[in-house]
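What follows is a group of structures, each given as structure tokens.
One chain, subunit A, links the two complexes that follow: it is found with subunit B in the first and with subunit C in the second.
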Partner chain A sequence: MIYDALIAPFTEFEFMRRALAAVIALALGGAPIGVFLMLRRMSLVGDAMAHAILPGAAIGFLLSGLNLFAMTTGGLIAGFTVAILAGMVSRSTGLKEDASLATFYLVSLALGVTIVSIKGTNIDLLHVLFGNILAMDDPTLLVIASNATITLLVLAVIYRPLVIESVDPLFLRTVSRAGAPSHLAFLALVVINLVNGFQALGTLLAVGLMILPAGIARFWSRDITGMICIAVASAILSGYAGLVLSFETKVPSGPAIILTAAVLYVGSVLFGSVGGLFRQMFPGRHLEA
Partner chain B sequence: MQRFRFWLICLLLAAAAPLHAQERVNVVASFSILGDFVKNVGGDRVDVTTLVGRNGDVHVYDPAPSDAKTIAGAKLLVINGLGLEGWLPRLLQSSGSKAPIITATRGIAPLKIGSDADPHAWQSVANAKIYVANISDALVVADPADAEVFRANAQAYLARLDALDREVREAVAKIPPSRRKVISTHDAFGYFAAAYGIEFVAPLGVSTESEASARDIAGIITEIKREKIPAVFLENISDPRLIRRISAETGARIGGTLYSDSLTGEKGDAPTYIELVRHNIKALTGALAD
Partner chain C sequence: MAAQIKFSDVTLGYDRHPAVHHLDGEVASGALLAVIGPNGAGKSTLFRGLVGILKPLAGSIATGGLDVKDIAYLPQTVDIDRSFPISVYDFVGTGLWRSTGFFGGMGKGAREKIAHALAAVGLNGFENRPIGTLSGGQMQRMLFARVLLQDARLIVLDEPFNAIDARTSADLLDLVRRWHAEKRTVLAALHDMELVRANFPETLLLARGPVAWGSTAEVLTAENLLEARRMCEAFDDSAPACAVDDLPSRAA
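Right, the complex of A and B next:
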């Protein structure tokens, strides 16, 4: 009975196994990024980026028609441009990162709409670009997996400056010059993860699996390493549970995964050991022990 | 003041004059297939504009301000009806158009999908003939001077549709009955299925907007394996990767593209309605033959 519900879908259908592999890879790459985004108060950057890639995708479409590779490459370039420009402006002037990002993504979106209208077509380019977790083919799986690998490796390299800068940027500036390069490398990772996530899984899932687990982890751990581990674990758990939910009920898979993560989030807000509502109401026992 | 009024009147007359000089009837059709019907009936007596162009998805269309302008200048507006153009009522209101609206599906008994009517009635050639008759009647009312031309054109086109209908039936008859079953991402082929006896199973709902759940995909894979369905078809609008995955998992053959809601460009496989039906039936017989 439990076997039928929890394991049989994956042994019986290959597409479920592939979806699970994709979710795990996405969790490994996306959740740590999400934690840093949250610490830097950039949690909404994912949605902004979903719009920012439009001109690149549109140019790719103009050059080679409905070619996924060309459109994704274009999207990556547009995303990089927006992220790097926004990052540079916020580092070299007083403008906050979210404000400069908002400016650049709106400009990018306007540019994209203009380019699309040149071709005079009403195909929803982003709709074409955004994939579905249930339709994992070999190339897409490979892209997500290598993406997760690159993300983890680069994060390992820039981990120290990134952590210090997220917590105390002034201190980092006094002891090292690694701040700017690591910040820009981080923004590049954000873009790669998001664009590949969009292409493979659709906006909701790519952004959701990045941000929600970070929110969950915040309620269970105080140090960044702990947060990252919990974020990855909860992303994998909600991916698995969401797929099972989508298999058992008829909820589409993307929303099912995100809703599962949302349930975990609500649980964490209520019962989390770090700043959860119950802990705040009954702090005494914790201190006595 | 007098003088100003005089010039104003001259200006208005000058602006209105071209409309009178050129006697073609301005007809607006909601999407490309209807536009093709109107062109065939109207011939060189009408100017046809389509709101949703070739290769566009009429289900999720987002009207532009220029569309309101197009409608405002129309003498006749041809729509499919049966809930296909959900975006139209608001556009009509904002355009302030007084043009008569002709619903091309009038007189067709709609198939049901759930509790809603299935709008893709043109997929059966017999229904296409009703479309053409409706459009011809409407054009005759809109431009009585050219009535004879419209009737003659409609007769000629209806004869071609009759031939097309026979062609489709002969092609289907060559497929062994046990193999008359395909999977397509978009269940736009309900009327085609009912008219010609080829069964279509679709992973998505009636609209291209809804997203498939894992349960749906699993159901289809089981269904293909159980019923030994020989072919799956890509659609010119929905996500082809989903179909490729299903095909890889079941060993069903991937057929070519079936065109459902829109014509392709001049150089594409389906620049006119007749070519669209021909292309579809060729793709079907090719994939379903032993």
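Right, the complex of A and C next:
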């Protein structure tokens, strides 16, 4: 019975195995990025970026179909264009960066939806907006896996400056010039992982598998290594449980994954060992020293 | 003693308004220099220019071929994200950036250095504490430990003893003396005249322009301090361009 529900879908159907592989790859790459987004107070920037890269990904999609490589390239171009334009406007006019970013990502999103709906079919639009993790072919799976690999490698390279820049940006500026390049590399990783999530979760939910696990991790660990491990684990768990849920109930797979993560998140808010509500209500007797 | 820092007619400021105006002078290698002056006198601005965060509006600052890594800078309003989950040990360890860089491992030697630095500032036992749990004084001790590890030729401390209790500032002052004994060049912005008189052989009294610069006893006179206090803090939005900047040689 339990076997039927939890394991059989994956042993019986190849598309489920592919979906599981994809979700694990997404979790490995996206969750650590999400932790950094959260710690740098950029969670909503991630969301805005997900919308901003839509036109680029859409053009890539229209030129070469659901080819993740083309979509990634287009997404990177669109993402950087929006990030740089927003930065330039805020620097030259004094408008706050979040306000100009909001403007640009909305324009970008409108542009993206327009491109997809003029040139593609409604099915295409639905596909881009909501993804379809149950239709993974070999090339797509390979691109997702290599994007996750690239993410982990680049993250390893920029890890130290990224951490220092998050804690004490002024210090990094006085000892090294690695701050700006590593910030840009980090933004590129954000875009890569967002596009990576397109196929599986769609543009609207792609950021979910990055941000929710990070939020969960914050309630269980006080140090960044622990947070990253917990974030990856909870992303994989949500992916797996979401797929099972989707298989059993016909809930679409993308939302099922994110909803599972949301359940874990609520549980963490309530029972988390670091700042969870229960801990706050019943902290135990104060210590002697 | 050779000059470590040479200010050549430096003007530093924001939006064309000078905060440090036409400063000339040299700091000898190994000097222990106090920079004093009222709030808004340009002490922090001078330091920001010195460590290369702020570009001079005019003139130049030469640091005798020091690389950025040879300068340790402790800013006044430390914009450290105290909620970031990093331990005191790891944070202090970033002071070793110079030798470790992006990838360098933390070997036994590095770990010993960190342990020594933490002991030197009296933070033994704090290794695994997240930085967010430190008090103001402990935070300042931790930042001094990082400066210690940076092993820099030039150390720039911007109001290091503000809001710090007597015992902590005495401990930290010992470190400053130690750096001086090790022939490092140390600049510190300070407000406590007694402390300056007792510990700093050389003083620069700044009030946008230099009021006096020399041995501490000669600089800290009643007239000099009074003159420094007369400085007007507000920028004048309708001020004309500074005539001294329009020397024929530069106008071309």
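Assume the second predicted complex is superposed on the first by the 215 of 289 C-alpha atoms of A that agree within 3 Å, B and C clash if a C-alpha of one lies under 4 Å from a C-alpha of the other, contacts with A are read in each partner's own complex, and residues count from 1 in each chain.
The rule is simple: a contact is a pair of C-beta atoms (placed from the backbone, for glycine too) under 8 Å apart; a residue touches a chain by one contact, two chains touch by 3 or more.
Keep in mind it's a predicted model, so treat the numbers as computed, not measured.
By the document's definition of touching, neither partner reaches A:269: not subunit B, not subunit C. Using the contact criterion defined above for the overlaid structures, shared-chain residue A:131 touches subunit B, although it does not reach subunit C.
By the touch criterion defined above, A:169 reaches subunit C but does not reach subunit B. In the superposed model, A:243 makes contact with subunit B only, not with subunit C. Contact with subunit B, but none with subunit C, is seen for A:253 once the two complexes are overlaid on the shared chain. Of the two partner chains, subunit B is the only one that A:16 touches; subunit C does not reach it. Among subunit B and subunit C, the chain that touches a larger number of residues in subunit A is B. When the two complexes are overlaid on their common chain A, residue A:180 makes contact with neither subunit B nor subunit C.
By the touch criterion stated above, A:150 is placed in contact with neither subunit B nor subunit C. Overlap of the subunit B and subunit C contact sets on subunit A: empty, with no shared residue. Listed in rising order, the residues of subunit A touching subunit B in the complex are 9, 12-16, 18-19, 120-124, 127, 131-132, 134-137, 140, 243, 246-256.
Here subunit A touches subunit C in the complex through residues 39, 157-158, 160-161, 163-164, 166-171, 173-178, 221-224, 227, going by the rule given at the top. Remark: subunit B residues 52-53, 55-57, 60-62, 210-218, 221, 239, 241-242, 244-246, 248-249 touch subunit A in the complex. Considering their complex, residues 51-53, 68-69, 71-73, 75, 78-81, 84-87, 91, 94, 97-98, 100-103, 130-131, 146, 150 of subunit C touch subunit A.
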